[in-house]
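In what comes next, chain A is part of two complexes: it sits with chain B in the first one and with chain C in the second one.
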Partner chain A sequence: MQESVQYKVFKVFNVFVLSLIVFLTLYPFLNVVAQSFSSESYINAGEVNIIPKGFNVETYKMIMSDRMFWINYKNTIVYTVVGTALSMVVTTMFAYALSKKRLVGRNFFIMFAVFTMFFNGGLIPNYVLINTLGLDNSMWAIVLPGVISIYNMLIMKAFFENVPEELEEAASIDGLGTYGILWKIILPLSKAVMATMVLFYAVAYWNSWFTAFLYLDEKELFPVTIYLRNMIAGASGSMAAGATSADNLTQIAANIKSVTMVLTILPILTIYPFVQRYFVSGVMLGSVK
Partner chain B sequence: MDKVMSNKFVISLYVLPALLLILTLIYVPIVLTGYYGLMKWDGIGEMTFIGLENYTKLIQDADFWGSAYHSFLLALFSAVSLIGYLGISLILTSKIKGANTLRKIYLIPMLLSSVAIAQLWSKIYHPSNGMVNSFLQSIGIDNPPAWLAEPSLVLPAIFVAIIWQYAGFYILIYYAALKNIPESLIEAARIDGATPLQIAWKIKIPLIAGVIKVTIVLAIVGSLKYFDLIYVMTGGGPNGSSEVIASYMYQKAFGSYDFGYGSAIGFFLLLICLVVTWLIRKLTATKEEIQY
Partner chain C sequence: MEQTGKMEGAEKRNSLTQSKWAKNMALIRKDWQLYTLLIIPIIYLLIFKYLPMAGNIIAFRKFVPGGSIFGEEWVGFYYINMFINDPTFWRVFSNTLILGGLTLLITFPMPIIFALLLNEVKAKRFKKFVQTASYLPHFLSIVIVAGMVLQLTAINGSINTLVEFFTGDKINFIQQADWFRTIYITSEVWQGMGWGAILYLAALTTIDESLYEAARIDGANRWKQTLYITLPGMLPTIVVLLVLNIGSFMAVGFEKILLLYNPLNYETADVISTYLYRIGLESNNFSYATAIGLFESIIGLILVLSANFISKKLTETSLW
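Let's turn to the complex of A and B:
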């Protein structure tokens, strides 16, 4: 096939745009990594780009020897693991039931759920609710609000709908009950969507900070995102934040913030390359409708 | 034969946990907001019924309408930026080498916490050593602005950060939808002599119209409720110039302990979202769904 000059120009333009976006996406991030390994004076002079200047790992040592950082880090891990596990159980069961066209009241259940994707009561009643239930200052204040994401449920439902019905009927004849069918037939066929969902939920829990900010007062319960937020708040001094060990430092150095950021996002970025290959197939089948 | 999912007891075991959670965590609060909105309440003490007083106050509250205007700008901006995401996805799916790798990279910001993103962008906008101003100085602009402290610049500056946060998400959705279009359709059009632009405009976009509609609603309603990045970066400041509806509501409830008024704002926001969604559905309604 021959290509016109115009088409070639168009192609070059495309490559340029796509590369520019890659640069814009990655540069801020690489800059933070570079700053985390640089010395303060170079950062303040605005001289650090992607390559660290005045190489230093002292700040890493300092943050990693802060006991509170590790307590908060451990909290984040616990909230993420418990939350994701619970979310997966609830979402899988709900999505599986809704994927069956003969389910009585199926359309109502779907409407009931989809409505909440767009509309909610906002934070005040949620705040009152969590406090009334006595869940404030506990793990459940963090885990429960994020336990079911309708967006994730719809993706999963669409995936289950594509599993041939005959497989289940055959399994049923072989004497498997509904749980057996779900566990032994459906789930092994749904690894792509499961991996995607686990990543989506885990990322949401790992990154959540606002629920913790609202419901937790004891710093032993804080997730690491709050540790990070209080650093920013402490540094700008404009907002009264809950006291953390970070507040003891009157001037929070840019370097320290970078280090905390890198340590906070590292686990997610480490897992991402291994899970992302399922992304398109997972989301594609779900192509929300 | 006992058909899968025909036993009532089993069905309820599958469906009930999720339904109960959705009911308690979303529907009960919606009713509560409506209820609290009719009260005078500081969040701790006694509630007093005051009818629609909170709402008459709301209508006259210039600060509220200021924040509503900012939310509206954000919604408009998010909706328009969808065109860009769609364009990028169209380019990505047009047999570009390494499209897959690019898509993976674009998604990275979505993996970061709003707190981390706020942190990242506060650094970028830092008046003296931030990336933006260092660049501006290097090309000879001597007095670059303090982006987040300048009332006229703070909102656009935050919008850029929000774009950075969400672009990958929408690109992934469009990319997945476009990949779903059967190759044979595109091939047939190409043989008939359609240009890439015509294929995009006449075939690809109409085929993913359903997905586009959903993203428009997601982007607009999501923007109207948007809160967290703005709250961490500026707290609504300087002087309310980056205040949005949700941050204003937060400030009223947890700053001035006016839970009744805050709830009225929340309920009003919910109504706006409902009306907007209904409008979008009306405006984008197509006569028939395209099948392929």
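Let's turn to the complex of A and C:
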């Protein structure tokens, strides 16, 4: 199997292009990390790209001693844990029921769910609803709107449909009801898809900011994404007091923003290498629908 | 005679539906545990998805904050006429179309090209490394992506270091309307290209290796193989994703734009969703904003339904 000269040239070119893509993908991360460890004067002079200049860890100390930062961080963790747990329970129930061909009205229920993917109430009616239900300024405004992702539900349903029917029949002869079968037979078989779903939901809750931005007014309830957002938008939060130079009065320093970004990305970056295969397998599962 | 025959038929149908009903009820009773699993999800969807859909009625009714979520009194097409006669609406409408169009034209094909390039890499470790790195941005919060964008395009940011090196000048990217579309599309590609390629890579693994062998024997080079085997193998995936993308055409990156835009680049950055956000939640004109939102959702629904219909006719691939 000989290769043409053109194809050899292409292969070299290809490796070069892909390496460039990797570099460009990682560059913003490197830049943020570098700026987080640099002193403001070098950043303002436009001299910090991927190597820190005027090494400085004072900002890290400053942010990490800000009580509000940790309160907001804790909120993010709580919203993520509660939201993910709730999502998993409801999504599993829904997906399992819909995976059963014997379910009377199955097609109707599937359409009922899928329709919400393509048509939604829109911003204002949702806003009015959450306020009317009195959920604003509570954790539930953040958690409840995202409880079921129909996309995730369909992935799970596709997985359940592939579990051999005989397993369940055997279990039901042994006297297990639907609950027992789901709990004792199906769930232990579905660890991989469950792990993937947990990750999908957890990432969504961890990253969400807009619901919090809409429904929360009290700083003590903010997730860390809002802490960061307010900093980026230049709103003078509790950090403004810590800013020193004059131009920081109008705009919060790039260095402080970078530190906050690094601290927010860090948990995702640390677990990412270990869990990324679950993400990929989840998407694959979704494609075999 | 005829009359009674018809009556009998109707009765028969009636008793048939009745017995079907009874049979279904018996099935449900026997299998009640399965049906209880549906209760919470259905109630959830009714309250959090279908109730807001019904709430769109305030596009035609006067809404008073704190009043009924379905409004107080009918006003007909008052709010619809309002946006039809609103020049700002048409500006954001065309901005939405342009950004949506650019997304389809640039953001959508990038993962396909990326997957094809990756497919030519035989070194497993290098391939794995490129993939792992390229998925990473997908997992970042939009807030962080926006933060990075602002930092990179800042007057003292990395991009301006390059620009200054080549031109001797600096550009205040984020304050110039001319640059917004470039910034937005680039950041979308940066965040979505790697992740978007996964489905295509999955599709590539299902292509029968013997097809390539046959093509090689026929003397087809790698480019021809790509054109006649690889791309057709990816086509069903491309079509499904294209239909989905067309469905979200109108809903262009609302959250990202909200974080990136400012009055200086409204001219190109302001889209329907950000405009209705300001109308509704900053100016408290709920009914007007709902009318605009309803218009947007209906167009989105029509787009996805027709894209699906067309793809069903042309390629026999469809979402449902």
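Please note the rule applied: the second predicted complex is superposed on the first by the 270 of 289 C-alpha atoms of A that agree within 3 Å, B and C clash if a C-alpha of one lies under 4 Å from a C-alpha of the other, contacts with A are read in each partner's own complex, and residues count from 1 in each chain.
The definition used in the following text is that contacts are C-beta pairs under 8 Å (C-beta built on N, C-alpha and C of every residue); 3 or more make two chains touch, one makes a residue touch a chain.
None of these values were measured; they are calculated from a predicted model.
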> Sharing chain A, do chain B and chain C clash or fit in the superposition?
Replying inline: clash
>> A:Leu266 in the overlay: touching chain B, chain C, both, or neither? Say first, second, both or neither.
In response: neither
> A:Val114 contacts which: chain B (first), chain C (second), both, neither?
Replying inline: second
>> In the overlaid three-chain picture, which partner chain does A:Val12 touch, first (chain B) or second (chain C), both, or neither?
In response: neither
> Between chain B (first) and chain C (second), which does A:Glu168 come into contact with in this model arrangement: first, second, both, or neither?
Replying inline: first
> Between chain B (first) and chain C (second), which, if any, makes contact with A:Val57: first, second, both or neither?
Replying inline: neither
>> Under the stated touch criterion, which partner chain does A:Val81 make contact with: chain B (first), chain C (second), both, or neither?
In response: neither
> Intersection of chain A residues contacting chain B with those contacting chain C?
Replying inline: 7, 10, 14-15, 17-18, 21-22, 24-29, 31-32, 35, 43-46, 90-91, 93-94, 96-97, 100, 102-104, 109, 112-113, 116, 118-129, 144-145, 147-148, 178, 203, 206-210, 225, 228-229, 232, 254, 257-258, 261, 264-265, 268, 272-273, 276, 279-280, 283-284, 287
> In the complex of these two chains, what residues of chain A are touching chain B?
Replying inline: 7, 10, 14-15, 17-18, 21-22, 24-29, 31-32, 35, 43-46, 90-91, 93-94, 96-98, 100, 102-104, 109, 112-113, 116, 118-129, 144-145, 147-148, 150, 153, 168-169, 172-173, 178, 181, 203, 206-210, 225, 228-229, 232, 236, 238-239, 254, 257-258, 261, 264-265, 268-269, 272-273, 276, 279-280, 283-284, 287-289
> Which of the residues in chain C end up touching chain A in this complex?
Replying inline: 24, 27-28, 31, 33-35, 37-38, 40-42, 44-45, 47-56, 58, 63, 69, 114, 117-118, 120-121, 126, 129-130, 132-137, 139-144, 146-148, 150-152, 154-158, 160-161, 164, 190, 193-194, 198-199, 202-203, 216, 221-222, 237, 247, 255, 258-259, 273, 276-277, 280-281, 286, 289-290, 293-294, 296-297, 300-301, 304-305, 320
>> Looking at the complex, which residues from chain A come into contact with chain C?
In response: 1, 3-4, 6-7, 10-11, 14-15, 17-19, 21-22, 24-29, 31-32, 35, 43-46, 49, 90-91, 93-94, 96-97, 100, 102-104, 109, 112-114, 116, 118-129, 132, 144-145, 147-148, 177-179, 182, 203, 206-210, 214, 225, 228-229, 232-233, 254, 257-258, 261, 264-265, 268, 272-273, 276, 279-280, 283-284, 287
>> Taking the touch rule as given, give the residues of chain B at its contact with chain A in the complex, in rising order.
In response: 1-7, 10-11, 13-15, 17-19, 21-22, 24-33, 36, 43, 88, 91-92, 94, 96, 102-116, 118-124, 126, 128-131, 133-134, 164, 167-168, 172-173, 175-177, 179-180, 196, 210-211, 214, 217-218, 221, 225, 227-228, 232, 235, 237, 246, 249-250, 253, 259, 262-263, 266-267, 269-270, 273-274, 277
